[in-house]
Each structure stands twice: as structure tokens, then as C-alpha cells.
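Please read the structure below before turning to the comments.
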Amino acid sequence: MKPVSEPVKQRLYAVLEGGGADAASRAVGVSLMTLIVLNVLSVVLETVESLQVAYGGLFRAFEVFSVVVFSAEYVLRMWSCTADERYARPVWGRLRFMLGPLALVDLAAILPFYLPLVMRLDLRVMRAVRLVRLFRILKMGRYSEALGVFRKIFWSKKEELLITVFAAGVMLVLVSSLMFFIENEAQPKVFSSIPAAMWWGVATLTTVGYGDIYPITTAGKILGTLSAVFGIGMFALPAGILGSAFVEEMHRRREKSKICPHCGKEIEE
Amino acid sequence: MKPVSEPVKQRLYAVLEGGGADAASRAVGVSLMTLIVLNVLSVVLETVESLQVAYGGLFRAFEVFSVVVFSAEYVLRMWSCTADERYARPVWGRLRFMLGPLALVDLAAILPFYLPLVMRLDLRVMRAVRLVRLFRILKMGRYSEALGVFRKIFWSKKEELLITVFAAGVMLVLVSSLMFFIENEAQPKVFSSIPAAMWWGVATLTTVGYGDIYPITTAGKILGTLSAVFGIGMFALPAGILGSAFVEEMHRRREKSKICPHCGKEIEE
Amino acid sequence: MKPVSEPVKQRLYAVLEGGGADAASRAVGVSLMTLIVLNVLSVVLETVESLQVAYGGLFRAFEVFSVVVFSAEYVLRMWSCTADERYARPVWGRLRFMLGPLALVDLAAILPFYLPLVMRLDLRVMRAVRLVRLFRILKMGRYSEALGVFRKIFWSKKEELLITVFAAGVMLVLVSSLMFFIENEAQPKVFSSIPAAMWWGVATLTTVGYGDIYPITTAGKILGTLSAVFGIGMFALPAGILGSAFVEEMHRRREKSKICPHCGKEIEE
Amino acid sequence: MKPVSEPVKQRLYAVLEGGGADAASRAVGVSLMTLIVLNVLSVVLETVESLQVAYGGLFRAFEVFSVVVFSAEYVLRMWSCTADERYARPVWGRLRFMLGPLALVDLAAILPFYLPLVMRLDLRVMRAVRLVRLFRILKMGRYSEALGVFRKIFWSKKEELLITVFAAGVMLVLVSSLMFFIENEAQPKVFSSIPAAMWWGVATLTTVGYGDIYPITTAGKILGTLSAVFGIGMFALPAGILGSAFVEEMHRRREKSKICPHCGKEIEE
């Protein structure tokens, strides 16, 4: 029986995992991508009460349909993965495949559906479980180059990001503590503690400025001014680092993706 | 009769479409540009009730005057376009000319005026029609190099913009859903659904921070802090990409516009 | 008598206008700079009622002292300017000197003081006149290199700044008009006209977000999101252009200011 | 007795000050770093009343423990510093060591604890003293490279930062004074003085926009728009300067930290 199914399995594995260039792979990829986007949209819209009341049945039906598709996808991936020599051993190979990050995301995408069937969940857990469905968005990682670019950038700039986040944190603690000391007397309810003042610090140094907390004393306003003028630069650094890294990376990809007109392969420089 | 009008037609076409360097072309260009700016100003100010009450007649008169000029411009463009060999055939050539993007904008600039004369419109449509006049601003595209620069930049960076907007969207959905889950209990009216939480997400990640919606629980504030520190970078990327592209493009234009001192033509490098 | 005062005049002119490197010039420059800073501080603090009540006499005395010094400075400049061959003719030379931008600023710095002595001013004009004293800050232009750097940058990037400001303006008009059309029905008081909606547009696209005006309908929030994500880039461009121009300019100055160790002159590269 | 303790002293000095690569130095460094972070956390959380009520004893105990450790560290540093030839003289050497910036920070980290034991402090001073403990965060400067990077950047760009801060200050004064003049009549309570208007100016030009103060007149809104469009660039300059300097510095460090595979030393290029 095995020899019969082997070519089917290999073809299936190539279609599902290859992200290949042939029509079938592309059709499967686009279909799954579309389904994921619709799923995210559905989870988001489901929380709007008026839509839930009006289209609750539709949402539920779509959820069942999605889980059926994603479950089938998962089972087929499990079955076909032995076509890859890395996972060739029927049990251990499949287990190793299951523990890969992408396969775990695939599992997490369907598990929340089956959980309530297996055990009783109270309402709060139920809501959390429903939300976990949103992380189906991470299944996109398989098809989306965009998320890959960002993962790579974060990784290559991790040192710079760590240093800036650390320095920003030190600045936040110092500035917020001072502000707490200055404003606490005038606004004991608002600047009730250093953590409360840190919420002011975050709103100010990121320039979000909701307006729920701000200094009212002259000393507090002077400190607020100094914090803003110097601190905003500190909090803007991660953005600048990511930005320049992204531009560099996109440039590198363009350079790389020059395809040789003779052999059809990419020309590395 | 045709041979008589031909040189007139060619001259007119050159003046209207050439955007040429001779005095007449420039005068026509500047006049139309001024009229467009005044038109936009008029549409904007007309919506201020006190001005509408005081100067309603003036606004109406200016509108009629503008439409007369723009209509004349449109008719003359239609008539003279056959001077261009691309649109030389009297009927099909003119039709092709009419369907060009700039000619469509010209048509859209005058149509709203004639519509109520031809058919009855209810009040809401009437208001929309009046607003459409604002898109006369797009007629500037013919004369303004600035809009051309931006069109080119958007086009050349479309890949980077798409990726960043997509990644920002993914981040927005994840962050807002988490925030909804955290804050919904404490502020059921404000964080009533994920779309509502997304409005918070947009206000925070763009650092606009109107202050109509923000977290009040400790967990929510911690999530808000993390979202702001990391997410602002993501939302600031499109700005950074457009900015560097714009600087590059302006640099390229300057290089290009070096004029040969002997022949008066631009020197391409 | 003239031959006697001539060397004095030349020395005085060099001290006042040279911004030279000798001790006297530097002392005069620093003194005047300090006086200007104290003046600005005084005008600013004078408007705080409690300080005005407590130290009104001091403010007045300092004002009189400042005007005496600035008047003396002005008169001495007028007298000594003929030492410069460009302004050598006693009457016409002095007139030409008086009409230079820096001399006009000097005049504007003292005129507001003498005006009320010459003619009756009503209270509102009086307040305006008092405020004009603040423009003494521009006298710094003579001594401050910083303002010179910015003037040069603004000038060299005027084309880019104009284009971006124009494009930002077009975007602001389009976005605000649409928002007016969408929100006017739900918030007729807040989004009462397109100019009112433009105030929203400015607050949003600059990310200031005071929170006095924002959309509340779903359509308005979607438009607000799109405006923010794409428009912020547009409004951030001038900052980016100025920033990179400033860094370039500072770099150029450093390169330039390499002084030859033998002749003491700058080495141009 | 001295010859016996000498090697111990030298070893201790190396461990405490060397920041060396051997296991003991690293263990001491990591332990002290952790203790500092926990200290900062403790000071921050202590100000939350509910935590103070619940875990007050724990906070106090941890404070005593920390001071014991930091005091021991300080005493050991004092004792061992004579191992360094720069501080070799028992009294004068130790005094010079004590007056170094890092040793002063170490002293400031423990002094607030001993102060109330020595003299009576009123409540307000007591609170200030408690806050000073936060500056233990600066002890990190010894171990953290991140703070060193920032110190270096600030120093190398001090000229650019000074110029931009000065220019931003001039702009702030001019814009705020004008706004005070325009809005004072309509909002005498809010725009009560130029300093009050400067708080508006800071909130606007940094784009924080708390929403506690904003113009309501048409003239004020127009000035606000112009200030925002042009001024934000000015206030964003320090961020841009710091950002590019940081990227440069990190790049330089990477280049530098190439280690020679033969001799184990860094290769300078």
C-alpha cells in the first residue's frame, strides 16, 4: 500500500510546504491566506454586539468551516511530512515535525475549537479561548514575506534595540520618580505612586498624550518640558533603528533578487 | 474651413496641454492654477455658516464664473485635441482623449454643476455633489510638479509601503484584541468590541492620543506601554520610507536638471 | 575735530560690528547677548500676574535700563558706521545702514518704548507694543550662529519644503472635507464646517491630538485611521528634510573649520 | 601584616573594579546589577499604597539587606583601592578615589539610609531622601555599556544639540508669546500668561497634546497650525541627531570589536 501512496504524499508535501511556484501550490497558498484573513476579520467583528446578534449563526458556521479546513490541512501536513527525509521516521519524525514552530502555530489555530468539547470551561476561560483564535494570524508567517522581513530585522538589530529600550527604561524611571515627587502633593489622586507617574511618563515620552494625567504645578511643567524635549529622542530611537534597518533589508533583497536570464536562478553578489 | 482653423487649433493645443515655456502658456497655466486655488478656498469657506449667510451671493457668482471658465477650457481641449496625432480622428480620437485621467478630472470638475439642472437630487446627494467640487484640486496635477513627485514616490516604494502597512495592520489587530480582552470588563462601554479597541490602537500607535479611549487597569497600562514603545516604530516606518524616497527623488531631479550651457538642453547623466 | 575721533570710531565699529576675536569685542558681544536673554525672560515673566504685582517696579526699571543700553548701542552704531567704506557718506551712508535688516531689528527693539511717549495708544495697541519687545530676541541673529544655520538650511531646502507643505495642504483639504461630510450629521456642533474639520485634520496629521475634536461614527473612525496612517508621513516630511539638511550643514561646517596650524587661516577642501 | 593581605587586596580590587572576564568578576558584576534592578523595582513599587500596606515589612527588610551589601561593597572598594597605583597612598589616595564620580554615586546610594539615624529629618525631606535611593540606578553606569554609549553620543553631538535646543527655545518663546496675545482675551484663565502659553507650546511642538490647553479662536487655530507644521520639525531635530549618532556609534563599535583570531586582541582599523 505504501508504494502507491508515496508519490501522492510527496506531491502533497510539496504543495503544502513548498510554497512552490507551480499553480497548485500557489492556489493552495492563496486560499489558505484568504481563509486566515477572513478568520481574523470574523473574530474581530464577532465582538461587536450588534453584528453578533444579527449574524451570530453565520459567524459560528464560518468558524466550523474554518476549523474543518485547518484541521484537514493539519492532518495532511502530519501525514505527508514523512516525505521529507528530515521527518522520514513515521513516529519520531512526525513528532519532531509537530514540535516545529510553524506546526505548533497550526495546532494552536485549531485546538481552541476542540477544547470545550473535551472539558468544561468557565466563561472567562471561554472568552480567552475564543480570542486565541486570533493568533491564526501567525499562520500567515508561512506565506507572508513581510513578517519574515520583520523577524529578521528585529533579530539583526536586537543589540541596538535592547540598549535603547534599556536606556529608555532608565530615563522613564528617573523622570517619573521625580515627577511623582513634585506632583504628588498637588494631585495626590492622579500622581498617587511612581507606577502611576510612569503612565504619565510613557504617554509623554511617546508623545501619545491621552490627557488623563499631566502636571499642573510650575515645577512639574518645567520637568515635563525637559523630559519631553530630551526624552522623546530616546523613545524615538527604536523607530529610527527599525526604519533604517528595514530600508537596508529591502535594498538588499532587491539586489539579491536579480534573476539570471540564462539559468533562471538568482544571482548572488 | 478646416485649413483655416488648423493653426489656431495647434497653437491652442500647445498652450493648453504643452505646459510650455512661452508667455501665453505660462499665463494660461498660472491663471487656471489661481482659479483652482480660489475655488478650493471658496468651497472650504462656503461651509462656514456665518460666511455663507454674509457672502452667499458672492460664492454662487464665483462658482458660476468658475464653471464657465472650466467648461470653456474643457470644450477647447476637446476641440483642439485632434491637433495631437494620437487623438487625430475627430470622433474616436476625442473619445480616447476624454477617457484619459486628466480629461476625466476636468469633466468631474464641471459635472456637479450641471447635474442638478438635469435631474432632481435630494439634499444629501446635493451636499455630496457640492463636495465633489473640491476634487477640482486634482486639476492641479496637470500643472503641479509636487503631486507628480509624490505619485512617483508612492509608486516606486509601493512594495515597502504595502509590507509595512500589512505588518502594522497585523500588529494593530493583535494589540487591540489583547487590549479588548484586558479592558472590556473594567470599561465595558468604552472597550465594547475589538473594533472599538482598534480605535484605541490607532490613536496610540500613531501617537495621536485624542484621549477619548485609554486603558485604566494596570494590565491594560502595561500592554499600552509595550504597544507604544514597540508599535510606534512600526507605524512610523511608512513616514520614514516616504521621507528618504522623497529626498532621493529631489536629489535625482536636481542632478537631472543640469542644463548644458551650450545647447540649452538638459544633460542626462 | 574729525581726525581726532576717526580712530575711536573705527575701533568702535570694529567692536560693535566685527564680532571680532579680541577681548573687547567678545565682552561687548557677551554682554549684549546676556542683556537680550534677560530681556526676553523679563517680557515673558512680566505677563504672570503674581510676578507683575510683586516685582512690577523691578520689571519697569530693567526695561528702562535695557532701552538706555540698546539706544546707546543704536546711536553708537549709527555714528560709527561711516568707518565702513560701504556707508562712508555721512547722510546717505547712514541711511543705507539704517535700512539693513539687522539695523531695522535694532530699531524695532527700542521703538516700542518711545512710542507711548510720542502719541496716545489705546490699551490693546499698548499690549501689542509691549509684546513687540520680544522680537529683541532677533537681535541675537547678530551673535548667534545657530539662527544663521537655520536661515541657511531653510533657504537651501526651500524647494523641498514648499513642495511638501503644498502636498500636505492638498491632503489636509481633501481629508478634512471628507471628514466634514461624514461627521457633520453626527456632531453638527463640532464638525460645523470644513475649516473646523481642518482643525481636526491638523491635530491628527501632526499627531498632536488635543482631544477637542475627533470622529465618533464608524465611517469617520475608518477615515481617521487611513488619514493618520498615510498622512502622518506627509506631515513628517518637513521635519525629515530639515533634519538631514541640518546634519549635512553641521558636517560641512566642521570640515570647513579646520584651521591651518601655520597661517591660522581656515583650510578649505 | 600588610604583605599578607596584599594579594587578597589586589584580587578584590580586580574583581570589583576590573569588570574583568574571569568567572568571579562576572558573578560579582551580575549579582550587583541584579540587586540594583531589584532595588529600583522596590523603590518604585513601595510608593503604591496597597503594596506598601501589604508588603511594607518586606520592602524594609530588602532595603536593609541592600544597604548592608552596598555598604560592604563600598568599604571593600575603599580598602582595596590602594592596590591601584593611582590611589596607592593610604589616605590621600583613598580620598582621591572617594571623589571619583563612580565612588560618589556609590556613596549616594547608601547615605540616605544612614542620614535619619544621625539627625532628625522632617517628613518632606524624609520623602526626598527615600527617593534619592532611586539614583542607585546610576550605579549601573559601572556595568552597563548602554549608558556609556549614550554619554558618548551626547558628548560628541553636544554642539548640534545645543544649537537645536537653543533654536527650539527661541521658536517656543516667539510662538507662545504670539499665542498668548491672540488667545488671552478669549481664554483669560487658560492662556493667563506667556509661561502658561509656553506649556501649550511645548505640548504642541512635541506633539504630546494632553488637551488641557489649546486655542479656540480662529486666529489662534491658524497660528497653532503654522506652529505645528513648522515647529515640529525643529523639536524633532534632537531626536534625529541622537538617532543618527547612535547608529553611527553602534556601527563603529561593531567594526572595532573584531577580535584577532591569533592573539585574541581587538583589531583596530
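Every chain is named by a letter (A, B, C and D) in the order it is written, and numbering of its residues begins at 1.
Here is the rule we use: a contact is a pair of C-beta atoms (placed from the backbone, for glycine too) under 8 Å apart; a residue touches a chain by one contact, two chains touch by 3 or more.
Computed from a prediction, not measured in an experiment: that's the story for all the values here.
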(message) Validating interface symmetry: for the copies chain B and chain C, is the fraction of residue numbers used by both over half? Same or different.
(response) different
(request) Have a look at B-D, A-C or A-D and name the one that copies the A-B interface, over half of its contact pairs being the same. (result) A-D
(request) Would you kindly give the rotation angle relating chain A to chain D, two copies of one sequence, based on a CA superposition and rounded to a multiple of 5 degrees? (result) 90
(message) Roughly how far is chain C from chain D, centre to centre by C-alpha average, rounded to an integer in Å?
(response) 33
(message) Based only on mean CA positions, could you tell me how far chain B sits from chain D in angstrom?
(response) 47
(request) Please list all residues of chain D that touch 2 or more other chains. (result) 195, 198, 203, 207-211, 236, 240-241, 244
(request) Spell out the residues on chain A that touch chain B in their complex, using ranges where they run on. (result) 40, 43-45, 47-49, 127-128, 131, 134-135, 137, 140, 144-147, 149-150, 165, 168, 195, 198-199, 202-203, 206-212, 235-236, 238-244, 246-247, 250
(request) Please give the residue numbers of chain C that touch chain A in the complex, ascending. (result) 207, 209-211
(request) Could you pull out which chain A residues touch chain D in their complex? (result) 159-160, 162-164, 166-167, 170, 173-174, 177-178, 180-181, 192-195, 198, 203-204, 207-211, 214, 218, 221, 224-225, 228-230, 232-234, 236-237, 240-241, 244
